[in-house]
Amino acid sequence: MKTINVGLVGITGYAGMELTRLLAGHPCMRLCMACSRAEAGKRLGEYYPFLNHMPGADVVISVFDPQEAARQCELVFLAVPAGTAMDMADPLLRAGVKVVDFSADFRLRDPDIYAQWYKRDHICPELLHKAVYGLPERYADAIAKAQLVANPGCYPTSVILGLAAALKHDFIQTIDIVVDAKSGATGAGRKASVPTLFCEVSDNFRAYGLPTHRHTPEIEQELSSLVGHDVLLSFNTHLLPTNRGILSTIYTKLKHPETTLDEVHAAYVSTWNNSQWVRVLPKGALPETRFVRGSMFCDIGLVVDSRTGRLIILSAIDNLCRGASGQALANANLMCGLSVETGLTALAPLA
Amino acid sequence: MKTINVGLVGITGYAGMELTRLLAGHPCMRLCMACSRAEAGKRLGEYYPFLNHMPGADVVISVFDPQEAARQCELVFLAVPAGTAMDMADPLLRAGVKVVDFSADFRLRDPDIYAQWYKRDHICPELLHKAVYGLPERYADAIAKAQLVANPGCYPTSVILGLAAALKHDFIQTIDIVVDAKSGATGAGRKASVPTLFCEVSDNFRAYGLPTHRHTPEIEQELSSLVGHDVLLSFNTHLLPTNRGILSTIYTKLKHPETTLDEVHAAYVSTWNNSQWVRVLPKGALPETRFVRGSMFCDIGLVVDSRTGRLIILSAIDNLCRGASGQALANANLMCGLSVETGLTALAPLA
Amino acid sequence: MKTINVGLVGITGYAGMELTRLLAGHPCMRLCMACSRAEAGKRLGEYYPFLNHMPGADVVISVFDPQEAARQCELVFLAVPAGTAMDMADPLLRAGVKVVDFSADFRLRDPDIYAQWYKRDHICPELLHKAVYGLPERYADAIAKAQLVANPGCYPTSVILGLAAALKHDFIQTIDIVVDAKSGATGAGRKASVPTLFCEVSDNFRAYGLPTHRHTPEIEQELSSLVGHDVLLSFNTHLLPTNRGILSTIYTKLKHPETTLDEVHAAYVSTWNNSQWVRVLPKGALPETRFVRGSMFCDIGLVVDSRTGRLIILSAIDNLCRGASGQALANANLMCGLSVETGLTALAPLA
Amino acid sequence: MKTINVGLVGITGYAGMELTRLLAGHPCMRLCMACSRAEAGKRLGEYYPFLNHMPGADVVISVFDPQEAARQCELVFLAVPAGTAMDMADPLLRAGVKVVDFSADFRLRDPDIYAQWYKRDHICPELLHKAVYGLPERYADAIAKAQLVANPGCYPTSVILGLAAALKHDFIQTIDIVVDAKSGATGAGRKASVPTLFCEVSDNFRAYGLPTHRHTPEIEQELSSLVGHDVLLSFNTHLLPTNRGILSTIYTKLKHPETTLDEVHAAYVSTWNNSQWVRVLPKGALPETRFVRGSMFCDIGLVVDSRTGRLIILSAIDNLCRGASGQALANANLMCGLSVETGLTALAPLA
């Protein structure tokens, strides 16, 4: 198998940490550049002791330079904050490098919506048309041809995969969808801050960001594209005292209250029958975040409540693997002509 | 202050454990009888080492006998499973003992609804009319005169307190309420079982019991009584990897989409202005389960989402104190002529 | 009961947080001054939402001023870092205020040892002779007369209480004592830092600070004073993924290998027979940090290993209550003529 | 690569769960038999939802039968309790099957010591001479030729690897070694029991089994064999509120108090220089259990305390992977002629 040299800009966050973990087990991608202004000069294995004795440990952390990146790498992962990614992507693309961007900078097709939710103007709106939304289940062909992939947000991944079959089979009303989503604390980032200290998160639970979480427009954009008209939903997030995992509980109203679980379940199974990563649970079973830990799986549980005429969909993913770095790697695989699951098949500890 | 002798039947569960903790700090109630078939003969301090050097530690655990209970106790707390409580309450009441029952056996006024949700017939439906639903904010006067109090469920306490002001002020539609509730693992009980082992709950999150959680009819009964007509809601529960705490995120639709947060907040503040335990948070603040840990507080946060025309109410309580043993003690205080908060004012550790 | 006005300098750390909690339940101490440069101007209940509806919530946070402190307070608690405390104590004492200092600044009698372990010179060594080491079990009489009390470190409290009876009864060799101590993460402080983020501490365990933890000289000073000659020990600390609790496992060698558990246990029981807070567990029982959570208890378990000729002592305390703020309050009680346990008798949640 | 068919007896415990995870990623071992009396008849993916869409999910759980095992499998893993393993191993070996036993039944060479610590007689002591102790770093050659491998205990793995270099280089006294070991709760097994419920373990810490943990004789046997004379040590265990991970803090006395950290560190580095799994940390660094999570690594940190003349060794492993199932798989690899690390190279999530 040919070796594909890749770079990673932004190593100190959890997404960067997770990508170094996954790349260490990839059969043909080789991490040859890792950038961080703050940690430049250290070996990666010095900064992340878990990497020692593994591929990537000896890469020396450097300051990002697009020319140098282009010289060394076929593809670069940008695991930097929204706003910063825009600045870096343009020179990389001009230099012919493929880019997978973890941030929201290239996810929204409409720069006005970007400006409205992210409180800044987009500096390269012309790139929005080139960027492909990196959800392999929906856009695999376009991803394979893209030079720039906007890696989906963690929450949107769980919600879009959870709702797709119900929307496609026209079971539910597209107004009045409510998403109650819960995420582990890696989703809150790796910056030093009091609210994410162990003793503030442990044995605690709280909502945050209501009602204006920035993943809202991204979810609405993709669901609207799925059904062909505008979808508006109530999207609400909570912080779990866990390291990883997202569970989205999605409340919908059935178009026909007499719809049965059997019908819905059969439709989900047929939709996802050939998917390696979306697992529709047996009727009566509900997903648990631990069962998708460290993996690309999206586990979907279905509940029909005939008392209230609702279909409730429960969708679980790992926010860092499926919701960030694993999905980025899947996209990179496609962009480099590899099978989408290359390097993404190991099961992580379940307990 | 006079001494009030009380008994506790069912000590091995978390509610029983919590009540022994609270009684150890009560200025005038004295635990003189503690019953458990499995642990009979042990000192309470032997079974619960945390109690040693505290009031109650030297009570010898005994097998429940209603005559003996009547001889020793003015009031008995029943912390036993639904079904068992019915059997025990009747002889106690006949013997003149006051009873606070933790189970659901006396919460539902309609024995048919009881039979439907609890899958058994009620054996003493005539007692349902004597029982008072023990939510002090709503029924303090009736509780003070009652001989039998049905202590509310943990989830219902959080939901009823959370919704009361919005319903009273007629802000919201009474159809289409969705409650997404999350509880710590003490809510799952203290019986040996694999699904509640540390390694199965830790770093995990899952829903359970959808869509038929038994607290549903109790919530609907009380909300219907509040508004004067039938309320039907979707009530859904999740298991948190925490010891304690319930956060209910309550999704409602505004009757008038132009209703502002200012209006709603002012109405909540005025409703709860004189309540010692219900704390309406400042606008923009959201409750956290840790801030009500071990206490009787119910913290309420309010969100108006004008995009979707929704009022979202977040209500946090401690499931064991406010949601079980503390509320039982508050009821017992009222039944014995004490001030409702007697023995319930200590703050527990917040971190 | 008379009201005693007290002040607290340093509210943003966990010890300050814990003291506001305990003072809210104190029958006669009234927090009338709370100082923090960073949070000045806020109500205490705004900064700590758990305090609302409780005594202390309406105190407005101010910048420390010794004259103002003296005007308002009979006693001031200093919950500030070592080094800063020295600066503040002197003007307070001159103004006639009683001081309980949480830091190490007045614990060591020898300023050279202070300089050696804390890497700075002591600026008011003359105060060291006035300061009393605030361990009530050893120095209650002196504390009651003191104007300045040096509140013991959390680890030293557990180790000194654990070893005292074995040393007093001459069971063990005073060379070769090894202490393997483990503390919850509140012990690491409440400053924003990556190593104490939830995701870095959760599901993790590690040692830290070996072999030069600053509590070492304080332990050696007190144990040496107990036995009348120099004691040198190996003191080693670990970080638990818990909020609270210290368990010190203390490895000693028996002077006489044939010493039995019966003998050692009887000696411990007789030593601590009249102590309200030190609980010697039954033979065969071992302490758990949860059983002392939020309390002043020190639970001691004893193991004699005749194979290796060792007495192993396990000593558990709550690092924030017994190990810091609760002990500070006990000292303040004594200094103000109150019973030592005033305001310290509530049991915290055990699960 | 040829396919090697293997069986697993005992799937419901954490070691069995972990082995199914690891086998799902093994390039040439194929799980073709999984036995459990209690779960017989279910698909493995039904019992362990995390396995669905992965190799092994469709194996139907069966009741153990040695003839059937011999027909289907080249090698069988026994993940059953001590006592039961003896019964099963003999017929398997007679039928020509290779066996890796997770229990203690074949670890101790002396049946009298087995009887003394495990409170039962060994029923096939003649097999003890055939069994090889499955620590690859010490016995790789013998393992490769063995038909029966006794997989080491989790704690012994951490202690033996931690001490080996210090003993080999004669730095330390072989009397008076104290091991203070801490393990995550998977080490306590997956049986339903109150003491291992989430709410009893979470935010708690305690010692257990002192001073007679059954791993003691196994450690002493291997260390004695290393140094050529009897080693007696004090081995003491604690339960961490984590899923995984063992940290052993090993207290030794230097033979020569002037020995420096430089010398000890150099000796450790030279001893383990060619080891893929034992990582000697840089001077000053201490191991963390999360950095070895789900892996075969043993991370070793070294501390020389010249004040007390001690070498303190900190040794971290994952108790389920390195301490049980991963090591079993490494042994199976060697027994089947594969490279020892086959299927054991994926990194697990670190946060």
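A, B, C and D are the chain letters, set down in written order, and residue numbers restart from 1 in every chain.
Rule of thumb we're sticking to: contacts are C-beta pairs under 8 Å (C-beta built on N, C-alpha and C of every residue); 3 or more make two chains touch, one makes a residue touch a chain.
Model, not experiment: these values are computed from the prediction.
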item: Which of A-C and A-D has more C-beta contact pairs; value: A-D
item: Geometric centre distance via CA averages, subunit D-subunit A, whole Å; value: 36
item: Centre-of-Cα separation between subunit B and subunit A, whole angstrom; value: 39
item: Whole-Å gap between the CA centroids of subunit A and subunit C; value: 46
item: Per-residue multi-chain contacts in subunit B, two or more chains; value: 14, 184, 186, 199-200, 202-203, 241-244, 288, 290, 293, 351
item: Graph class of chain-chain contacts, one of line, ring, star, complete, other; value: complete
item: Residues of subunit C that touch subunit D when the two form their complex; value: 176, 178, 180, 182, 184, 199-200, 203-208, 210-211, 232-234, 236, 238, 240-245, 247, 249, 251, 253, 286-290, 293, 301, 303-305, 307-308, 310, 312, 314, 351
item: Subunit B contact footprint on subunit D (complex, rising order); value: 14, 184-186, 190-194, 196-203, 241-243
item: Subunit A residues touching subunit D - in the complex, by the definition given at the top; value: 14, 17-18, 21-22, 24-25, 46, 48-54, 186, 202-203, 243-244, 276-277, 279, 281-282, 285, 288, 290-294, 297, 299, 318, 320-321, 345-351
